[in-house]
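Have a look at these structures, which come just after this line.
Next, two complexes with subunit A in common: one pairs it with subunit B, the other with subunit C.
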Partner chain A sequence: MRDFAAVAIIIAVIIVAFAAALTDGYYMDIFILTCFYGTLAVAWNLMAGLTGLMSLGHALFVGIGAYSVAWGYTAHQWSPLVTWPIGIGLSIAVAIVIGLLCFRYGLKGYFFAIATLACGEIAFFAVSATTALGRSDGIILPLAKNPELHLQFIAKWPYGLMIGSFLTLTLLAGQFLMRSRIGYYWRSLRDNEDAAEALGVNAMAMKVLSFAISAGVASVCGAFYAHYVAFVDPRSVLGVDISVQLLVYAIVGGMGLLWGPLVGAAVLVPFGMFLRNFSFLQGSEVIFYAVLLIGLALVLPQGVSGWVVGRIGKAKAAAELPS
Partner chain B sequence: MQAVISGLANGSIYALIAVGLTLVFGIMRIINFAHGEFLMIAMYGGFFAWSAFGIDPVLAVVIVTPVVMLIGVGLYKGLIRFALNVPDINQMAVTLGLSMLLQHMALMMFTGNNRLITQPRSTASIAIGPAIIQVPQLIACVASLSLLGLLYLVLRRSDLGLVMRAVSQSRDGAALSGIDISAVYKWAMAIGIGSLGVAGPLMAAILYVNPMVGALFTLKAFVIVIVGGLGSFSGVLIGSLLVGLAESIAAAWFSAAISAAVPFAILLLVLLIRPEGLMSARMR
Partner chain C sequence: MNQLLQLEGVSKSFGGLRALHDVGFSVEAGEIFAIIGPNGAGKTTLFNCIAGAQKPTSGSIIFQERRIDGLRPHEICRSGLVRTFQIVKPFLGMTVADNVRVAAYVHERRNAGADAVARAMLKQVGLDDYADVGADELNIAQLRRLEIARAMATRPRMVLLDEMLAGLTATETEAICEELREIARQGVALVVVEHSIPVVSSLCSRAVVINFGEVMAHGATLDVIRDPRVQEAYLGKVEAVAWS
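Then we have the complex of A and B:
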C-alpha cells in the first residue's frame, strides 16, 4: 500500500501543478515539457531500473511516434485516430524485433545499451536521407481545416491535460504492473537472471514484454510531441540527446523506484528552462547538468528519490524500535 | 578504387582512435563515452599550435601528446578512480556527463566555428595506381600504423605490457601477485588518451575541428571496438579498416547519410551474429 500512497501523492502534485500552470502560457509550457520528459523517463525506467535493461535507443521510439503522426497527417491527412495506433504498433513491433534479436544472443549491460544506440542512429541517418520524411529538414505540420480533430489547439491547456493525464495513466499502470506477477518477474531478472530462469521465469518473454511496453509509451510521447510542436526533424525526435537525457533524469532521480526518474525530470526540466532566461548563461545549463550528473552518479548512486525514501525508511525503523 | 584507398586511409586513422578506447576498456572495464572529446581537445591543441605559433602539425604531435597523456592521468586521478566501483549505468552516466561537459566547455571557449589547418601541402596529393591520396591523410595514416606497431611492441614485449595484460585477465589475481593496480590503470589511461594526442594534431589538418567532432568519433570507435572484439588489438585494426572501407564504398555508391549509418549497421550485424567480435581472442 505504501507504494500506492507515494504514487497517489505524485498524482496529486501533478494535478496541482496543472491547475497552477493554467494561469500562464509559459508555466503551461514548462508543465507540458516536464510531463513529456517525465513520462518518457518513467517508461525508460520500466526497462532500465526495474528489468535491468539499459537502453540508449529510446529516441527511436519517440521518433517512430512523432514521424507516424507527421507523415500520416501531411501525406494523407490521416487523423490521430489512425496515426497513433500506427505509431504505437510500429514501435512495439520494432521493439519486439530488436529485443528478440538482442536477447537471443544474450546482449546485456553495455552491449545492449550500445546495440540500442546503434538502432537509434541507423534510424536517425535513414530518416535524414529519406525524401518522403523531409530528410534532415524535418516536416512541418500545417494547420488543418478542422484543427480540433487533428489535435491542434490555440490554447496550451488541452495539451497539458493530454500529457498530464497520460503521465498519470502511465504511473498507475506501471505501479499496477510492479505489484503484479510480471513486475516481480522483472525485478527477479534484474537482480539475478540465472537464478530467476532456474526458477522458471521465462526471461526472454519477460524482457521483450518490458521493452515493448516501454517502447509503446515512448511512441505515444513522440506522437504527442508532433502535435504539440507541429514540427518534427531527426535532431529533435531521433537524436541521441533524448536517449541521453532520459539517463540523466534517471540518475538524478533514482532508478530503484518506478517514479524516480520523474523526480529527476520534474527538477531538471523547469530548472533548465529557468536557466535559459539568462542569455549570458547560454549553453551553461548543459554544463550544469553534466556536473550534476557526474556528481550524483558517484555520490548518490540510488538517486534523490532512493535517498529520500531510504531516509524515511530509516527514520520509521528508528521510531518503531522500542527505546 | 579511389573509394578503397580512401576507405583504407580513413580506417587506419580510426584504428588509432579506437585502440585507446579498447585499451582502457580491456584493462579497466570501463567504457569511456568521453573518448572522442579528448580527441577534440587534441585536435584543438594541434590547431592552436599551428595558428598561434606556426608549429607544423607533425611537430605539434610531440608537444600535444605528453600534454594529453597528463590529462589522461589527471582524469584517472580526479574522476575515473572513483567511478570504478559503481554500477555500470553510473559509470556510463559519469563518462557521458564528462563528454557533455567537455563539449559545452569547448563550445564556450572556442565557439562553434569550424577550424582547419591549411598548409601548402594540404592540397598536394600522391597518386597510387589509379587513385590519389592527399598528403596530410598519408601522414596521418603512416603515423597511425607506426604508433599501432609501437603499442603492440609495448604490450607484447615490455614489462608494463605484461603487467597490463595480467590486469586485464584478472584484476584480483594481478593484485594478489603484488601488481600495483592503480599504477597500471594510470598508465592505461595515459596511453589510451595519449594515443589521441598523436591522432589529434594530424587530423586537424584533414578534418574541420569543432566542439562536436568528438561525439562522432566516440561512436565510430565503439563500433570498431565491438566489431573487432573488445580488448583485441588485431580486432581494432581489422574493425577499423572494415568500417573505413564500408563507409567510403557506401558514400561512393549511395549518399552521405547512408554512409553515416553503415558503421552502425555493421555493428548490429556483428552483435547479432558474433557478439564477442570478429577477433575475440579477448587478449591483446
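Then we have the complex of A and C:
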C-alpha cells in the first residue's frame, strides 16, 4: 500500500504542476517536456531498473512512434486513430524481434546495451537515407484543415493535458504491474536469473514482455512528440542523445523504484531549460549534467528517490523503537 | 510403479570431455536419496541435467511418468521438481518474504494468496521474524533456509538439494537436517548431494555413488558406503572402516 501512496502523492504533484503551468505558455512548455522525458524514463526503467535489462536504444521506439505519425499524416492524411496504433504495434513488434534474438543468445548487461544501441543507430542512419521519410532534413507536419482531429492545437494546455494524463496512466499501470506476479518475476530476473528460472519463472517470456511494454510506452511518447513539435528529424527522435538522456534521468532519480527516473527528469529538464535563459550559458547544461552525474554517483548511488525512501524508512524505524 | 524419478542411460559430454556416462537410478516418492561421490565426479552436472539447467547428450529422465529431459528449468519446476543451489542465489534486492513470494506464484496467482503462502513457508523454516527485512541482511545459514522456503513454496513433489549443508556449524546442520526430515514426512522426496558421510548415513535411506561420471554403487545407504570400492574411490584407501 505504501508504494501506491507514493504514486498517489506524485500524481497529485503532477496535477498541481499542470494547474500552475496553465498560467504561462513557457511554464506549460517545461511541464510538457518534463512529462515527456519523465514518461520515457519511467518506461525505460521498467526494463532497466526493474527487469535488469539496460537498453541504450530506446530512441528507436520514440522514433518509430514519431515517424509513424509524421509519415502517416503527411503522406496519407491518416488520423492519429490510425497512426498511433501503427506506431505502437510496430514498436512492440520490433522490440519482440530484438528481444527474442538477444535473449535467445543470452545477451545480458553491457552486451545487451550495445546490441540495443546498435539497433537504434541502424534506424538512425536508415531513416537519414530514406527519401520517403525526409532523409536527414526530417518531416514538417503542416496545419490540417480540421486541426483538432489531427491533435493540432494553438494553445499548449491540451498537449500538457495529454502527456500529463499519459504519464499518470503509465505510473498507475506500472505500479499495478510491479505489485503483481509479473513485477515480482521481473525483479527476480534482475536479481538472479538462474534462481528465478529454477523457481518457475519463464525468463524469456517475461523479459520480452518487459521489453515490449517499455517499447510501446516509448512509442506513444514519440507519437505525442510529433504532434506537439510538428516536426520530426532523425536527430531529435532517433538520436542516441535521447537514449543517453534517459540513462541520466534514471541514475539521478534512482533506478530501484518505478518513479525514480521521473524525479530525475523533474529536476533536470526544468534545470536545463532554465540554463538556456542565459545566453552566456548556452549549451552549458551538458557540463552541469556531467558534474551532477559524477557528484550523485559518488554521494547518492541509489539516486534521489532511493535516498528519500531510505530516509523515510530510517525515520519510521527510529519511531518504532521502544523508548 | 511408484518410482517418482527415473534416470536411464543419462550421458553428458562437453566436447570431448565425458562428464556423465550411462547413469541410471530411481527415486521413490517421499524418500531422502543421496548422490555422493568425490569432487569432480559429475554430481553437479547430473543435478543440472535433472533440473534442466543443462540438457543431457543422451538418455532419458522420467519424472512422474513424464519425460523431462530437455525441458526448460521453469517447466521442470512447474511439473513439481524444484532445485536449490550449492552457492545460494537469493534475490538480494527484495525482502525475504518477496523472495519466497516469487516461488509461490507457481501455484497461486492472487497476490494476497502468494504472500500468505510465502509467510507460511517462512514460518516453517523459522525465518518468519525476518520476513520483511532485505534478503541481503541474512547470514549464510539463514540464506540456506530461505532456499528451502523458496523451493517448498512451489509445492514440489521432489526437491533437489545441492550441498545444502556445506560450511554450516554442527548445530545449524542438525537443525536443517531436522527440517529436511519433516519435509520428507510430508511426502516430498528429497535428493541431496552431500559430502559429509555422517549426515548422509543419518539422513538418507538410499544412495547412488558417482565416480568419473559413472554409477559405482546404488542401493541402501549403509550398504553403499560399506562397499570397499566406494570407500577407496570416495575416501581414499582407508585402513579402519569407521562408519560400519
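Going forward, the second predicted complex is superposed on the first by the 323 of 323 C-alpha atoms of A that agree within 3 Å, B and C clash if a C-alpha of one lies under 4 Å from a C-alpha of the other, contacts with A are read in each partner's own complex, and residues count from 1 in each chain.
As a convention for this text, a contact is a pair of C-beta atoms (placed from the backbone, for glycine too) under 8 Å apart; a residue touches a chain by one contact, two chains touch by 3 or more.
The structure presented is a predicted model; accordingly, all values stated were derived computationally and were not measured.
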Touched partner set for A:Ile287, first subunit B, second subunit C, both or neither: first
Partner chain in contact with A:Ala21 - subunit B first, subunit C second, else both or neither: neither
Which superposed partner A:Glu197 touches (first subunit B, second subunit C, both, neither): second
Subunit B versus subunit C as contact partner of A:Ala265, first or second or both or neither: neither
First (subunit B), second (subunit C), both or neither touched by A:Val217: neither
Partner chain in contact with A:Val248 - subunit B first, subunit C second, else both or neither: first
Residues of subunit A touched, compared between subunit B and subunit C (which is higher): B
Subunit B versus subunit C as contact partner of A:Val208, first or second or both or neither: neither
Residues of subunit C defined as touching subunit A within the complex: 51, 53, 72-74, 77-78, 82-83, 85, 89-94, 98-99, 101-103, 105-106, 109, 111, 114, 150-151, 153-154
Subunit B partner contacts - residues on subunit A that touch it in the complex: 48, 54, 101-102, 105-107, 109-111, 113-115, 117-119, 121-122, 124-126, 128-129, 135-136, 240, 244, 247-248, 251, 255, 283-284, 286-287, 289-294, 296-298, 301
Contact set on subunit A toward subunit C in their complex: 179-181, 184-185, 187-188, 190-192, 194-203, 256
Parts of subunit B lying in touch with subunit A, wherever the complex brings them together: 31, 79, 82-83, 86-94, 96-98, 100-101, 103-105, 107-108, 215, 219, 222-223, 226, 255, 257-258, 260-261, 264-265, 267-268, 271-272, 275
